[in-house]
Structure formats: C-alpha cells, structure tokens
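Following are the structures in question.
What follows is subunit A paired twice: with subunit B in the first complex and subunit C in the second.
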Partner chain A sequence: MHFVVCAKQIPDPETPPSAFRVDEAKKEVIPPQGIAPVLSQFDGIAAEAALRIKEQTSGTRITVISLGQERARDAIKQVLAMGADEGVLLDDATFQGGDSYTTARTLAAAIRKLGDVDAVFCGRQAADWDMGQVGLGIAELLGWPCAIIASSVQCAEGKLTVKRVLADGFETVRVPLPAVVTVSNELGEPRYPKLQQIMQAARKTVRSMTPAELALDPSTVGAAGARLKLERLFVPVAGGDCEFMPGDTPQAQAVALAKTLRAARIL
Partner chain B sequence: MAQDILVVGELADGALSATTVELLGAAVRLAEGGRVSVTLLGSAAPAAAAPAFAAGADRAFVSGDGGYEPFRSDPWVAAVQAAITQAQPAVVLLAQSTVGRDLGPRLAFRLDTAAAMDCVQLAIEGGSFRATRPCFGGNALASYSFATSPAIATARAKSQDALDPPRAGATGETVALPGPAEARTEVTGREQAAATGLRLQDAPVVVSGGRGLGGPEGFRLIEQLAAAIGTHRAAVGSSRAACDMGWYPVSQQVGLTGKVVTPDLYIAVAISGASQHMAGCSGAKAIVAINRDPEANIFKAARYGIVGDYKLVLPPLIEAIRALD
Partner chain C sequence: MGAWWAPALALSGIALAGALEAERSDAHRQVFFNVQQPWAVYLFLGALVGLLVYGIGRHASLWALGRPAPGLASEIPHRLLNALRLGLAQDKVRRDRYAGIMHWCLFSSIVVLTAVTAQVALDDDTALDFLHGRYYLFFSFYGDLFGLVGLVGVGMALYRRYFDSYRRIRWDERLEDHLIIAGLGLILVSGFVVEALRIEVTELAQHPAWAPWSFVSFALAKVLHLFALSEGQLLGTHTLVWWGHVVLAFGWLGLIAFTRLDHIFFAPVNAFLLRTDAPGRLAAIEQIEQREVFGVGQIQDFTWKQLFELDACVRCGRCTAVCPANLAGQPLSPMQLIQDLKAHLARVGPALQRAGHEGGDVRSVSPVAMVGEVVADEALWACRTCGACVQECPVMIEHVPTIVDMRRYLVMDEARIPVPARQALEHMESRGHPWRGTTLQRTSWMEGLGEVPIFDGSQQYLYWVGCAGSLVERNLPITRSVFRLLRASGASFGVLGQEETCSGDPARRLGNEYLYQVLARQLIETFQSKRVQRVITNCPHCFNTFKNEYPQFDGRFEVLHHTEFLARAVQDGTLKPQHRLDESLTYHDSCYLGRMNGQYDAPRQIIEFIPGLHLTEMRRSRSNGLCCGAGGGNMWLEEAGERRVNHVRTEEAVATGAGAVISNCPFCIQMFEDGIPAVQPEQAGRMRAFDVAELLERAVLGPAGESAR
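Let's look at the complex of A and B:
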C-alpha cells in the first residue's frame, strides 16, 4: 500500500500570546524572535496514524508531501525521521500566497502524479490558519471519500475504519480506498524519532515537483488562483483588567471571591 | 443591495438547532431584503419548516427521509447542492459543527468556490460579503472577501443573533428535495458521551480544570465546586492538556478544537490561558482565574483572579459558596 502524509511547516502555535505580532499593512504574522517554526501538530499525528498501519501491513510505503518554501523541508525531514520513506517538496514561486483552494489543488495534483496512492493522511486543521479544509478539498478534487477528525484509523480489506470525534461522542465509519482521512489529537502523541532515525532521514530522497510537471496552470495556483482574499489581519484587543482578590491567606481570598461574585450578582 | 442566502439547517432532538436559528437571524440581516432559504433534512424536517419560517426563512428545501440520519457527507452534499442550484444564493451559511466542518469545504470544492471556516463575524461591506474568523489559535482575526460565488461560511455557535422577536406565525414556501443519494461512508458504530446532566454549552456557569491540577483527582475538587454552585447551573469543563492526559472526557474539552461556551461565569482553575483554550471561553460574560502563576495569560482575560495553589484555594471557596445566602 502507498500512503501520503500532508505536512505543513508553521510558526510555533505555542508561541506565547505576548510574543505574537502581526504586520497589519502586509497582512502577515511577524515571525517571533528566537522561536523556530515547527511541523503543524496535527500533521505529526497524521503521520503517526499512517505509521501505525505501516507497522502492521507489510509492503506499505509512506510519502510525505509539503507545500512551502525551503524551510518546509524540515517538516518533511521530521516525518521521514518518524519512519516515512520518501519526501516531496512543492516549492515554487508560483505556489506561494495561496489559500485552501490552491493548496488542495496543488497537493491533489502531486498525489495524482505519484499515481498509486491508496490513502492520504492530513491533519484536522493546520495549526496556523486553523481552516480545516485541505483534506476535504483533496478528496473532492480526486473524487475520493473523506473521513474527518479521526481518533483512530485502521486499514483492512481495501477499507479504512475510522473512529471520529463528534461533538457529543464518537462515531465509527468505514470508507473504501482510495480515501482521505484527517486526524485529530485524540489519536495520541506522535512518536519521537531516535537519533539514528534522524540520521537515516538525512539520506532519504526528497524530490521536488514543478507546476509544469504537475500540469498546473500558474493562474490556478498560489496567489493568482486564490479565491479567498485576505482583507485584514489584526490582533484583537484583550479584555478587561483583572481584579485580584485581597487577603493574606487562600482562605481570605476565597471568601472575598465568593462575596465579590455575589455582590456583582454573578453567583 | 439585496442578496439571496441559503442556510444549511440542522436538527437536534427533533427541533431546529440553536445555531440554525442564529444563522437564520444572521441571514435575514445579511440578505438586506433578499430571499432567505433553508435546507432541512431528516425525519423531523417537515415539522421544522414552520419554526424555520418564524426564525427568518422565506423558503424551506425539505426532505423528511430518515435516510438523511445520521449525518453522512455524500447524501447531504448532494441535497444541499440541489438546493443551491435552485436558489442560486450569493452566500451559503453553515454551523461550525460536525455537519458544517464537513459540508462547508466539500461544497466549496464541488462548486469551485471558497469557504471561510469558523467565522465569528458576518457582514456586508461595500455591497459584498465579508467573513471574519479567528486564526493562529485565536491570537489574530482575519477578514476575508470572496473572489467567487457563492461565498460559503461556517459560523461559530452563539456568534450570531437570532431574530428577536421571531416572526410568530410566519409562513413560507416549501420545496421538496429528493431522498438521500448513496453514501460511500458506512456508519458502523456510535458512542454517545456519558450525559452528565447539564450540557456544557447550555450551562450558565462552567468550571474548568487544566494541566496544573496535576492529575485526575484534581477534577474531584472541580466537581465539588460545580456542585456547590448548583448541579442545575454549573457544568465541568477541561483544557485539552488535561483531556490529552486522560484526566477528563474529551467531550468536556473547551477550546478551539473542543467546545465553545458562552456562560455568564467561567471559572478557569490551573489553566494557563493559551489562545486555543481562550477561543472556547472568551465569550463568557465574566472569567474567574485561579492560578499560582501571576504572569499566566489567563489573568489578561479574567475579570477576577486569585493567585495561589488551587489545592489551598478551592476547599475554602467551596465552603464560602455553600455559605452564600
């Protein structure tokens, strides 16, 4: 079987809010000083889901694909170190500045080019823009079914069995291959590569694919093809001033809180 | 300028979901006199048409076929697509729910247009539709316009206001939709989260615990605090860090990838206040934070705070609340 993991390199989502800045004129996030970009959390978990199946199904290969600039190579290397077999970097000037539509279109073209893919594993949402569209978009463009927000994924007899997180519980669905699945944190922590695996990953192939190879018209990818136009990007102003409860002991502060909430008619 | 709008309706326990009612209210405002349509699918759909008219719809696309339940993407996409073909709306609105998270992007790609997910503001600016949504875990807000039509947006629960008052007794046109198309997805099992009384989203008070509780035992104190406030008023929530450790059920997670709550009072205990957590509770009328770190981000959003160890603060707080009145 041949699986694809879609992996995106993003600004660290655990950046403290106090260090988070945007350039409103350029409508861009200003990379925080000294905080390196990371593999989007859910994409590491998507890789984990694919690797768990690979361990149980002999002859399974995993290709990791990332659309991004040169630094996206780090996201690819990380998934290769976890145990994926090969990487594809989609780094071309015409791919930049796109939206969910152009990203899904470009990734779907790369998956089509690989030719023999049985399943695609995406994160439930990229932890930068938090959209949650690309997995479903790839599925629609390829005409495949898609199961979103998975907490476990199993593969047998040409089908994926996916446990999905719903608002009030879980649901188990079965979809025929080829299919796309988007993975959530309830699946569990991604494995941590050993030093030896990191060294091996350095020798694994990362190929690139150009718009021409993918037969993509430059007017349909990147900024030129985007359908969502970002008009404004800004940091909302934070709420009120916190009133700290007076008192020298936890006891006194607790009593002050109860009384304050009562006086404010909140309790 | 008037524009036609389609809302993808959802039913909960046989009635229109609260978010559907809110979306219909938003649709009436955004339509500026244009036509508001709604799709209603499932066995309770025919009975939901009248409430949908009262909530703001002029026209309902309805199929009462039970095959639309439980939600599966393929038949729903086909039905909503059929309604879009007839209604030709400028804007399609969905809830950021199990249904909308799936249908929003799929409709966008199938109709060769775009979707903005999890929006908190929907507006008409300069005659065109504008959707504003949190991004970067809630650290920033992004406003989008659309280059293609229809514009598709999913909206966060409680971000929109229902019509007030509703159009009591209003009638509208009903259009029948065909029965469900075949689904590639087969649903083989369902587990309902243990319903522990009050639903998190409905509770006027939510008490949440985080990683700083240090273990599942900490949640016993959180539950006692909720009980002291009243089991009919207070529900217990959790940060993702605490859910990921298995200390509390996933169904109680508050935040960007959990539930969005808008209670009168939100008490955050041993929660640092990461933007992704705040995304789920910043709509609370008042936030109380109990944290031993005075620099914790949660205090920036809190109205009232206690800096201290929860193990020392909660027992006397539970006593003091029991002693009120």
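Let's look at the complex of A and C:
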C-alpha cells in the first residue's frame, strides 16, 4: 500500500508571547529571532497513525508531502526520520501565499501525480491557523471519502476502520480505500526516531514538483488562486479590570458581588 | 598508607627493639614439629595455584568478550599511585569507619600471616636459614600480634553481620559470606591452638624465656596446662589440629577463585584501571555518524574494563546506601544493577564465546534482553548521575558511565524514552533549550538592569546565563544577582543574550549523545567565532560540560562557576559584603560543582565573608552531599517510587533548623522550592531557598540592590 502524510511547517506554537509579533500592514507574522519553525503537532500524529499501520502491513510505503518554502524540508526530514520512505516538497513560488482551498488543490494534484496512493493522512488542523479544511478539501477534490478527527486508525481488507472523537464520545466508522483521514491528538504521541533512522533520513530523497508537472494553472494556486481574503491581522490586547465590591461586612460584599454578576449576565 | 597501620607498626617496633635487646639467644623451633609428611602441604599449594589460575582464567575469558578500553595504558605513575592508595591503603574502604577498621584488621592479618607462613616454608625448604635467635623471637611476636588483629577483625565482622541491625551487607547475603568469615575465624583460632600445643610440649618448661614472645599462644598454653593432659594426648591433638589448620587455610584461599574474595586481586587492579581524568566527564562516542550501534544493549558492547568491574563487586552495598534514588524508594540499586549484569555475563558469556565473538548476537544466546529485562528501564532512568555510588565504591566501580551507556542504547538505538524526557530532548533539538512551555525569552532577565553588555570579544569574561538561568522564572533573580555583582566587581564581561543555546548537557546525561555533540559543536563554534576565552557560568551542569567535556571536541576555555569568581572577588576586596544579614543557613553542595569538580570551599568562603550569617551543615554534606533529585536529566522525568528525592533532601535541610537553604545550582534551587512546601505545609516559618549570589548581592549592595529587582 502507499500512504501519503501531509505535513505543514508552522511558527513554533511555544514562541513566548513576548516574542510573537505581527506586521499589521503586510498582514504577516514576523518570524521571531532564534525561534525556528516546527512541524505542526497534529501532522506528526498523522504520521504516527500511518506508521502504526505500516508496521503491521508489509510492503507499505509512506510519502510525506509538504507545501511550503525550502526550510519546510526540515519538517519533511522529521517525518522521514520517524519512518516515512520519501518526501515531496512543493516549494514553487507560485504555490506560496494561498489559502486552505489552494493548498488542498495543490496537495490533491500532487497526490494524483503520485498515482497509486491508497490513503492520505492529515493532521486534524494546522496548529497555526486552525482552519481544519485541507484534509476535507483534498478528499473533495479527489472524490474520496474522508473521516475526520480520528483517535485510532486501523486497516484491513481494503478498508480503514476509524475511531472518531465526538464532543460527547466516540464513533467508529469504516471507509473504503482510497480515503482521507484527519488525525487528532487522542491517537497518542508521535514516535521519537531512533538515531539510525535520523541518519537514514538524511539519505532519503525529497523531490520537488512544479505547477507544470502537476498540470496546475498558476493562476489557480498560491496567492493568485486564493479565495479567502485576510482582512486584518493583529495581536489581541488582553486587558483586565479590577473592581472592589462595596460593603462593610462580607455579607454585604457578597450581595454586591451577586448583583454585579447578575447585571453582567454572568449569573 | 592507611593510618591504621600505625599502632601495629609501633607495637612491632617496640617488640623489635625488645628482641634486639634480648640476650643473644639460640631461640628457634622445629618448623614442622610433630608433623609427618609435611611435603603434602606442597600438594595443597599446587592445587590452590591451579584453582586460582582456573578461576581467574574463567573470569578473564568472559572479560575478553568486551570491546577494547582505550587509554588505560596512559598515566602509569598516576595509576600505580591509585593502586597503592585505593588498593593497598584502602582509602575508600575507610570512608565507613567501622568497616574500615574491620577490613584493615582482616587485610593486614592475612597479609602478615601469609608472610609468616611463607617464611616458615623458606626457612625449612630452601638453603636460607633465618628463623632463629632474635629474629625468631620477633617473628613469634608479630605472628601472634597479627593473628590477634585478625581475630579482632573477625569479631567485628561477626558482630556486624549477626548482631548489629546494620542493613546494607544483608541486602544480597549469600552462603559464601558465612563461609568466608567463619572459615577465617577457624583458621586463626586453630593456628593459635596448634602453636599453644607445641609451646606446651616444647617450650613452656624447656625454654620459658622464648615462650612469652608468642604471647597469645603462650597464654593459651598456660590455660591448656591446667588440664594436665599427657604428652601423647597433646601430640595427637596437635597433629589433628595442624592438618585441620592447613586444610582450612588452603580451602579458604581456594574460595578466592569462586567467591567475592576475588576482590583481593581485582580491587587493586581496578584501582589501577580507574579513570585518571575528571569524574564529571562522560566518554564521547567517536565518529558517531559512522556507527551502527550507539549505546550498550548487549553485554559484549561494554568495554572489557566495564566487564572486569562487574567481577570486582563485593556486594557491600555502599553504593546503594548513598544512592539518592534508592534512598527515596525508587527502583534503582547500583549494587543490584552491577550484580545483575554480572549474573547475566556469567549466564550468556560462555555461549557467546562459543558463538564466536564476531557477529555473535546475545539475543540468539539469551532469551532475555539485557536492557529492559536484566536491567529495568526504570532503574536506568532513576539514576541522577550524581556520582555518589562511584565515589563510595571501595573497589572503584564506575556505575555512572555504565548506566549512561545503557541509556544511550534506550534513546538512540531503541528510542524508548519516557514522554517528558523525550519532550525535553525534542525541545533541545528544535528550540535549543529543554524548558517546555516557558513564556520567557533569553533576554527577559535583562529588563530593568540598564545596559547589559553583549559579548563581542573585547571583554575578558563571557557570562553564560544558561537555559535555566534565563527561561525559568525562579532563576531570573539569581541571574540578575550574579549580573549586578559582576558589574559591581568592575569585571570586564559580556553576555550572549539571544545567541545562547543549550550546552547540550541534559541531552548527554539523558543518553542522546548525538544531540549533545550537535549542540556542543555548534556552541564551541559560536564561542570560537566570538573569541571567547573565559566563561563564568550560572549553572554547575553547563560548568561541568564546558570545563570537562568540551575539550573532547577541541573546545578549550577557562571556565569558572560564579561562586568561584565571586569568592575571589570577595577575597581580593573588589566586592565588600558590608551589610549584615542575620540569617541561619544550611548549605547544599550541588553534585556537579561538588563531587564532580571538587569545589566545596568557594561557596562556603562567600558565606563566611558575609557578616551575620550562621551556617549549620547538613548530616550529608561536601563529598557526602545528597543529590537534590534533578541530576542526570531527572528534572524532566517523572519520579517512580515511594518518595521524591527532593523531599528527602529538603527534610535533611529542614532538620538543621536553619531558616534558609543555600545552593549554587538553578536545578537544586528549583528542587528545594518544590520540596519545601511539601515538607513544611505551614507557610509560617517556612524555609527559603537561595543561591549564594542572591545572599552576596544583599550583603554587598544592600537592600537597595534588592529593591531594584
């Protein structure tokens, strides 16, 4: 079988708030000094889901695809070190600056180009924008079934059995291959690679694919094809206000507090 | 030489003088008095030598399974000195006073009485003829003296083993322990009995002036005399006891080949093999990129020296008795670990030899995995790398490198790591520091300090703040104190600010040698490109790795811990602690400044210079100091076991009655900050934890300096 893991490199979510800045004019996050971007956590878990099946099914190959700039190669290497077999980096300038739709469109084209893909594993959402659209978009564009927010994925007899996380419990669904699954953190921690694997990852191939190879019209991908317009990007200012309850006795203060909360429609 | 030789030597000296003063006499005895076929002794001797060669050869063939141990042929004079100091004079054995005296008694008695026996053989069976006259009298005296010394040792051993509530020697008690001590006691007693019987028959009446030189046997002969036995009875008993004595003695020496008595040979040899470099240094894996196996997952991946050490272990339990993990009821006993590895080697070794060393896979030979089954993962992770076990071991076993070798296997070969430790490693890899979830930046501590000089190569010192000093809230005041003191001392220094990265130390201790090397090489490059020559560190862990481990990668810098720099500044008067503090303190030695680098005095000197301070030492201090619990990467591991190590240590600090516990390490301070509320739930009168620098800042700059925080 051949699985694809989609991996996105994102600004480090552990960036200290004091170091996180945005350029409001350009509507961009200013990369903080000395803090390198990382693999989106959910994508590492998606890779873990694919690798668990690979361990039990001989002859399974995993290709990791990332849409991003040259430095996204690090994210690909990380998944390769975990045990994926090869990498595809979609770093063409025309792919950059898009939205969830163009990302799904580009990834779907790359998956189609690979040809023999049986299943696609995505994180439930990218940990930077938290849109949660790309996995579903890929499924839609490929015409495949999609199971989202999985806490476990098993593969047998050409079908995936997916346990999904619901607000009030779990649901188990079965989907025929080929299919797309988006994976949630309930699945468990992604594995820590053995050093031997890290060394081997350095020798695995990561190839690039151009819009022409993917038969994509440049005007339909990247910034040119984006349909979502970012209106404003800013760091919210968290503020607090402290109000002292009037009253000479604790009882009187408690009454004042209750009244204030009632007025604020909290009680 | 051990100080306890002194009384015996003095006594012997007096006796020698006495013997020389004695009238020129023709004192002597018939060496093999009343013994037929004494030559049979040589059969025993031959058998004994054969047995020892066989026994030790059997061990040696197992050691040969190990990898080469490089560097052991260097610094021979130093190594010989170690063999004398630690092997012959037993400096480490003496760290336990009772056991030290006991062991010295047994050891010196065996050495001297073996010499006595050898002289008897030489006198009788070679052309040499010296056992007569004054020397004979002296010989009789010291033979009896050391026989008595041996009996005192046996008595002490019997008391400790059977009557005292002493625990550690009974943790892994075996039949051989009883045989060894009972055997030795019987040999000594039977020796005296034989001598007494001979004296009664040949000297008591005939040569009353000679007999008292064998003072113990003489007394015994006097007692025997009361029974008025016939000469025939005496001679019959003598023959019987003589042969019993000989058989026991050779049998007991034969135990060397099969029991822990083999330490008689292995301990001095292991003292010779003991590392001569800094104890805080872990070996680098050379050319790590080209290797296929990184840690030690199979017994033959240890060096032969590590395998040799396993055989040197005498199960005394001193290592386990001082192990912080073990004291807290956590699943690590260094002694058990060494014994388990030894048993594993004995079990799989012979089959491995047969399988041929090359390509021999221990798993095909042994159904159990060494790491995971023989030694549990939890035991390896519980180690604080504090070095207490290594320091106490009387036979110079180095447990810590062996444990880290197996951690390397867990991390790099198997990727089997507890989640918090793994996250710390991932953080070091991708973010250059191990502190998950910190909201601080490397420059946060600089706020409100005015201009902070950035190191540009023109300054004399680099002040290395470290990850703990800049990214953990509690440590920021310490960093600021050190900074203000450096500024007040007028020293020329700068900091790296955002350009600091992890020194790699936690990665190395957690077993990720590859990540360590990446981080260390990167930082050495930064230091070299900025022309750093002298570094002052906040953290003993950075200090140790800069000082002792970076030279492995050609990073050679002069490294000072801040307490060393500050102690000098106080001594030469550039910093004047003029404000009185009126505090009662206790001082906690961090393992990596203390035990690993021998720096116990600088922090105490600073405390002494500050007026008004009253220092009470803890029960365990200086080289006996107990780890705070965070060492060896345990800052990022969940503690498994009955208690937390920092609670144990905090209790010891609280027991001094001091109002504050002082340390020199950001990890120790955090462990105390965590431990104090657990040990003292009441907020009132609670102990506080400070770094030495925080105290000194208050003493030098006054309350104003503090309020400027």
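Here, the second predicted complex is superposed on the first by the 240 of 267 C-alpha atoms of A that agree within 3 Å, B and C clash if a C-alpha of one lies under 4 Å from a C-alpha of the other, contacts with A are read in each partner's own complex, and residues count from 1 in each chain.
Please note the rule applied: a contact is a pair of C-beta atoms (placed from the backbone, for glycine too) under 8 Å apart; a residue touches a chain by one contact, two chains touch by 3 or more.
These figures come from a predicted structure and were not determined experimentally.
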Inquiry  = According to the stated criteria, A:Lys194 is in contact with first (subunit B), second (subunit C), both, or neither; which is it?
reply    = second
Who does A:Leu160 touch here: subunit B (first), subunit C (second), both, or neither?
neither
**Asked** Touching A:Gly34 in the superposition: subunit B (first), subunit C (second), both, neither?
**Response** second
Of subunit B and subunit C, the partner touching more residues of subunit A is B
Check: What is the contact status of A:Met245 with respect to subunit B (first) and subunit C (second): first, second, both, or neither?
Finding: first
Q. Who does A:Ser18 touch here: subunit B (first), subunit C (second), both, or neither?
A. both
_Partner chain in contact with A:Glu140 - subunit B first, subunit C second, else both or neither_ = first
Partner chain in contact with A:Gln253 - subunit B first, subunit C second, else both or neither:
first
| Touching partner for A:Ala81 - first (subunit B), second (subunit C), both, neither | neither
Subunit A residues where the subunit B and subunit C footprints coincide 14, 16-18
Note: in the complex, subunit A contacts subunit B through residues 11, 13-18, 20, 22, 29, 99-101, 104, 124-125, 127-133, 136-137, 139-141, 145-149, 161, 165-176, 184-186, 226-236, 238-240, 242-245, 250-251, 253-255, 257-262, 264, 266-267
The subunit C residues in contact with subunit A across the complex are 288-289, 292, 294, 411-415, 417, 419, 422, 425-427, 430-432, 436-442, 444, 498-499, 514
Within the complex, subunit C is touched by subunit A residues 12, 14, 16-19, 33-36, 38, 189, 191-199
In the complex, the residues of subunit B that touch subunit A are 70, 73-74, 97-98, 101-102, 104-106, 108-110, 113-118, 130, 132-137, 139-148, 184-193, 195, 205, 229, 240, 244, 250-251, 256-257, 259, 264-265, 274-276, 282, 285-289, 297, 299-309, 312-314, 316-317, 319-321, 323-324
